[in-house]
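Each structure below is given as structure tokens.
Two complexes, one shared chain (subunit A), two partners (subunit B, subunit C).
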Partner chain A sequence: MSSIASHGHDAVLHNDQSHEHLLRDSNVRYTGGGSLSTLFLVMAVLGLGATIASAFMYTGKLHAIASFQMAAMGCLAMCLGGMFFTLVMHLMAAGWSITLRRQFENLMVFAPVMLIVASIVPLYDLFIGNGSLYLWMNDKYRADSIVLQKKIDFLNPSFFCVRLMLYFFIWTVIAWKLSGYSRRQDETGDKWLSNKARFTSAWGMLAFALSTAFASFDLLMSMDFRFFSTMWGVYYFASTAFSGVAALVLIIVPLRRAGKLEGLVTSEHLHDVGKLMFTFTVFWAYIAFSQYFLIWYSNVPEETVWYLVRKRDGWQFVFFLLAIGHFIVPFLILLFRGVKRSPTALAIVAIWMLFIHFTDMFFIVRPMVTTRFAEGTPLSPAAGIWVDLAAVFGMLGLLGLLLVWRVRSSPLIPLRDPRLPEAIEHKNYV
Partner chain B sequence: MTTLHPDESAARRLAGLATGELPTYPVPPGTGDGSLVDDPAVRAPLVLNNRSFHDITEIVCGYAEKPPGKWWLPLFGLSFTIAQIGTLFIIYLIITGIGAWGMNNQVDWAWDITNFVFWIGIGHAGTLISAILCLLKQKWRTAVNRSAEAMTIFAVICAATFPGIHIGRQWMAWFLFPIPNSNAIWPNFKSPLLWDVFAVSTYGTVSFLFWYMGMIPDFATLRDRADLRLRRNAEGPRVLPFLALRTDAVRAYVYGFLALGWRFSSRHWHRYEVAYLVLAGISTPLVLSVHSIVSFDFATSILPGWHTTIFPPYFVAGAIFGGFAMVLLLLIPARELFPNMKDLITLRHIENMAKIILATGMIVGFAYSMEFFIAWYSGNEYESFLFTHVRAQGPYAWAYWTMIFCNVVTPQVFWLKFCRQSPMIVFIVSIFVTIGMWFERFVIIVTSLHRAFLPAEWSMFWPTAVDIGIFVGSCGIFLTLFLLFLRFLPVFAMAEVKAVLPQASPHHHPPHPGTGGHEHGKDGH
Partner chain C sequence: MAKQRKVYVTEGGEPVYGVIAEFATPADVYHAAEKIRDAGYSQWDVYAPFPIHGIDEAMGQKRTKLPLVCACVGLTGAGLGFLMQYWMSGVDYQLVVQGKPYGPWEPFVPITFELGILFTAFSTLICMLAMNGLPRHNHPLLKKERFLGCSDDTLAICIESADDKFDPDQTRAMLEKLGGRNIDLVEGD
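Let's turn to the complex of A and B:
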């Protein structure tokens, strides 16, 4: 049974002195990245600059803010994915993934930052833009819509702002505490910090689940205030885990390329990360299918309207692209053992996963530009797509810039985690 | 005797071949039975009391070979009687028709479907432990996977009874299956009810294969031990006093037949491991699909309280929640009743399962609150009326609040460490959870149906004696089968338990003989 139950473990973890050489500074600290920062800065300036500029061009203001919001929600999902994996690894007292956890933590700390970025558009809509993207903020609908009247206790400006602050507070506390414990352990070597992190993760997971679900209601679902789905929070959560693990690969693999993490993140770890990518590909498909299928089957007008506008005027191609690209393609590719164990192949799949993740956000947000309440001329997904690409490009540049700074600021792994030896010795045996 | 290796002498005592006390080993203070280690640098032992490989074989085979305690036969007799009373009610139902149940024109799905969903859900914990925890390399699963898988099979058997008998005309039961149109009628392939037939039968088949395949090496061990005793000893216990047939001969043949020619060759093991992994991979989507499709039975409708998109993952989480409660309900008494079982199912195992109950209970609570919130947020008056007036305040409000109390409130005690680590408290909470999960299905099914869109159609459901008798009977069937399993089959996967012993690790360095330490790793290497 050795491959199933893996090997029996010692009651006391193996603290082998032969691992010391792996923890040398040149292996666990990243000091380069100057040119990478410049690249990301250029990306951010060009991309976000082009998005803002497009507001004054033929594509219009609404398209620009929709693209910006789509990109921000995509990046927020990646950061929340990092938070989810950090929480779950602490909760399960995972040993194998200790050498990966720091990079999840680095993603996690930017969740509050990306929330601020993702709050720009709704706050603009609320105070200046008169609900151009978030229709419930629009005076016309607030006056006329009976459905909206019923939701006014939830969808009203003051409560909305309070909720945004609440999400910010929750994510900041979780990120600050968990990242703090981890970094303090690097310095003090106090193994009991692991138990504190585990306790934080227990209530943190509950707070994370509720805040992520309601944030997805507020920032995505409420754009079309008529639409509702109990699955929505789970759907956005599936995207966070899906994109978070892809983002991890795109941090780890370049670091390995730069000669870091030798013997710490091996093909054994990549193999298991590949399995996580596979898992959340299937999980996303399960959630997305269940949501779509139940709405399609029951055919209740106030629900189907959301999908109806996303299955015409060219959007049906995006719909099918998601079905194939968000599920079938990564599913089939990640089945292969060789892919999961090859850094290059895994990085390529991760790039694809991020691409399709942003396509998913595009599918949710962009139709709001023209298809709301069947007003305006239908706009195909291809029309003015350069704005969307620029926004994603710029937002990834911004997140990349932040990440490079963060990755450089601390060791690449939790250096003195008591379960580190387990991670170093991790093997799959299959 | 003094020349025997300590392992050997302990094993002989376990096997009843020698008298004397079993050796005891010091337990570090503050760790309960020795498994409740808080130190993050130390992994808790999964098997206590320094058991050797041979000890494990003796303990596990002992359950199937030696007569059980005095408790077994009365308990078996009781559950068998209950099962038979249930059978009588089923026969009465078939003779009389389903009018014998309390359902009516409005509440036309009630107790039967509640029981079906309840039992199907119970089974999910077994598949979760055997498949998903296997893929996640959770080593503690090895102590509980076999009995949880067995429970899955028995729960599926109980569940399958209800769709079979609820159709009213039993001679038409084959209509459930898409048998080519001998009656010029095809089943409705667009109906989730038909998918249920596929889902549950696939699930039952794969779960059975998984369970059975895992037992093959253990059957072979039981076969070889019986065979060895036959060869060594001309006299031995007989099946019946006047029959010249020895019990071990029956064992050797029956277990030998079940072992399918297993010879413990490395090639066998290799194929076994690959097959195990493949089956775990297949079972993982299965465990999700089965209860998702059960949830489709409700969620594809447009009935308030039934049509909601979160149903599939919510049902799956609820199933795992209820299933783990049932695993604990069965194993906490078992580890008290069977000798040495506490060495294999430690307090750490109980605590881990309590944590899973807490986690899945909160997923279920999350789903309840999402349903409630979205019912209000949707602005759909029927949906919000159902939740605020029918479920929370209507005539079945007692059932709704029972569900909330049992499923959401009681598991919260597991935030406290001493509650997770006390088998008694875990057992009591498991009872609550089992009751709560039954009520969850009852609330979903009955409350949505008993208040239709037209008030003229409103009516109540009250169970009859036949309803109650068949449900209690299904509990009897379940317990009867589980008791038979405990008595005759390998209750633990021996090879897997051995693989998590410290001496199975390549890093294990036994203390040098003569230094006073207890040596391991002699046998089996």
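Let's turn to the complex of A and C:
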């Protein structure tokens, strides 16, 4: 590559100035957050407390565990999104995003934790609750349903538990290895750790893809054992990337507000993060529509049953809210260059994206409260909505609390990554 | 009253297209572009055999209006695509397919999307060509033997006589001061 061609003015104009001053402690370490932790703690205690309390109120136990599971799966998606972006950045040897990678790593390490949280309800259903939310765990259907008996090789308690442990193992290894390499590089400056991380990402991406897909089958799709969609793993993956990048924005922008990351995460980086938000908005829409469209067209009863209960009793409004709010609104807003380059505008879009992401989980999980075949009266989405809101607030408080602790525990960027200069000089020329 | 633009003519009677100057390095041409921008010129261009990062800002180029046109035409295309299908299968020639309702939105989405893309692609290409004044068969600069080096190893700036601030002597002097070499008058219109 001819240096005169690509960086003609850079070399002359910027005079190859050193970036050392950007790496001063006051810029790359976050030490505050005490009141933020308190806020998150209060959110977690109040939210999750209200969810648990609601199990003993008029809304009932089933509603409470459905809300809890919805919130847990939403937060798990955010953490897995962090894992996906960390993996893909290592795999592509991405230079521009080095200053963002640490925050993706911070999200990633909580994937196993959120998996434990998301396993509480299925394990409860399996051993105590007799399949209240996960219908295949219910004795009655296991005895009577021919459909379920055909699937018993996959949907049986022991294999289910093995799979949960396998997901936990895979995500723990990936998170522990990649996060470990990154932090060790901060101290030793060993550039070969980048290569090791890349090697881990090669098999890690495959393991991540399969484990995420199967986890989404086990933890979301299997709630209604009659339903199946080969698109389901991709659908949940689209949500992980969508919510992961939104979560990143909500970590980065407040850090910038607090006077950190000056010259390290600039509007150039935010511009590209905005492009990722746009990408996964479109990707989610493509996957969600493809899944719905094929099921609508082919009209096979065990598939359409899933959408039928979600297009009546008020759920049709949620259906169209998702079409508009999960696709059209962020699509049109993120088309504008100025939005992607403005931290405030991007943070507002990210908040909306997280809201609509949890609405998506709400749409998947909550109708299960009344989809118990012919049992129960139809429950509109608005009925007892406070339980769902409380669960989401509580779970976000829990994740936020963990994240604040994690963000404080290390530098905000990989300090000695060999590609750091590339990230600092990153610029969009269009 | 519209401002009358001065027309410069060479001694031989040829109209003047502009003044061209060569520069030694990308940094030189970059800094020269900044100065010319700050001097208030608008009808001029930088010629280089490779992209120079950041030259747009150095030249003070405004962002293109092309995306706005594309968005409008694209949304028009998508809307027309949807209406076409709705009118055909929902209004004009209703047909029961698999017991589905007349004019459902679901099967219209792929073609609506495709027509949106088609309209956007065509409008992008056509508007890009029109905004750049393409296609054009000849250009006054192509008469200059040395200008042909701009596709090989020469960096040049040409300030056109169409610019309000253009003055044969002052513009030439400015280019000289900015480090321009082989400064030459370009004839033609």
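In this section, the second predicted complex is superposed on the first by the 412 of 430 C-alpha atoms of A that agree within 3 Å, B and C clash if a C-alpha of one lies under 4 Å from a C-alpha of the other, contacts with A are read in each partner's own complex, and residues count from 1 in each chain.
Here, a contact is a pair of C-beta atoms (placed from the backbone, for glycine too) under 8 Å apart; a residue touches a chain by one contact, two chains touch by 3 or more.
Remember, it's a predicted structure, so these values are computed and weren't measured experimentally.
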Contacts of A:297 with subunit B and subunit C, given as first, second, both or neither: both
Touching partner for A:307 - first (subunit B), second (subunit C), both, neither: neither
Touching partner for A:331 - first (subunit B), second (subunit C), both, neither: neither
More subunit A residues in contact - subunit B or subunit C: B
Contacts of A:319 with subunit B and subunit C, given as first, second, both or neither: neither
Touching partner for A:355 - first (subunit B), second (subunit C), both, neither: neither
Touching partner for A:210 - first (subunit B), second (subunit C), both, neither: first
Touching partner for A:427 - first (subunit B), second (subunit C), both, neither: second
Which of subunit B and subunit C A:195 touches, first, second, both or neither: first
Residues of subunit A that lie at the interface with subunit B and also at the interface with subunit C: 2, 4-13, 293, 297, 299
Residues on subunit B engaged by subunit A in the complex (per definition of touch): 38-45, 134-135, 137, 139, 142, 269, 273, 276-277, 285, 288, 292, 296, 299-302, 307-313, 359, 362, 366-367, 370-371, 374, 377-380, 415, 493, 495-496, 498-508
Subunit A residues touching subunit C - in the complex, by the definition given at the top: 2, 4-13, 289, 292-293, 296-297, 299, 335, 337, 427, 429
For the subunit A and subunit B complex, residues of the former touching the latter: 1-15, 93, 95-96, 146-147, 150-151, 154, 191-192, 194-195, 198, 202, 205-206, 209-210, 213, 217, 228-234, 275, 282, 286-287, 290-291, 293-295, 297-300, 302, 418-419, 430
Subunit A-touching residues of subunit C, taken from the complex the two chains share: 25-27, 30, 50-56, 58, 63, 67, 71, 98, 106-107, 109
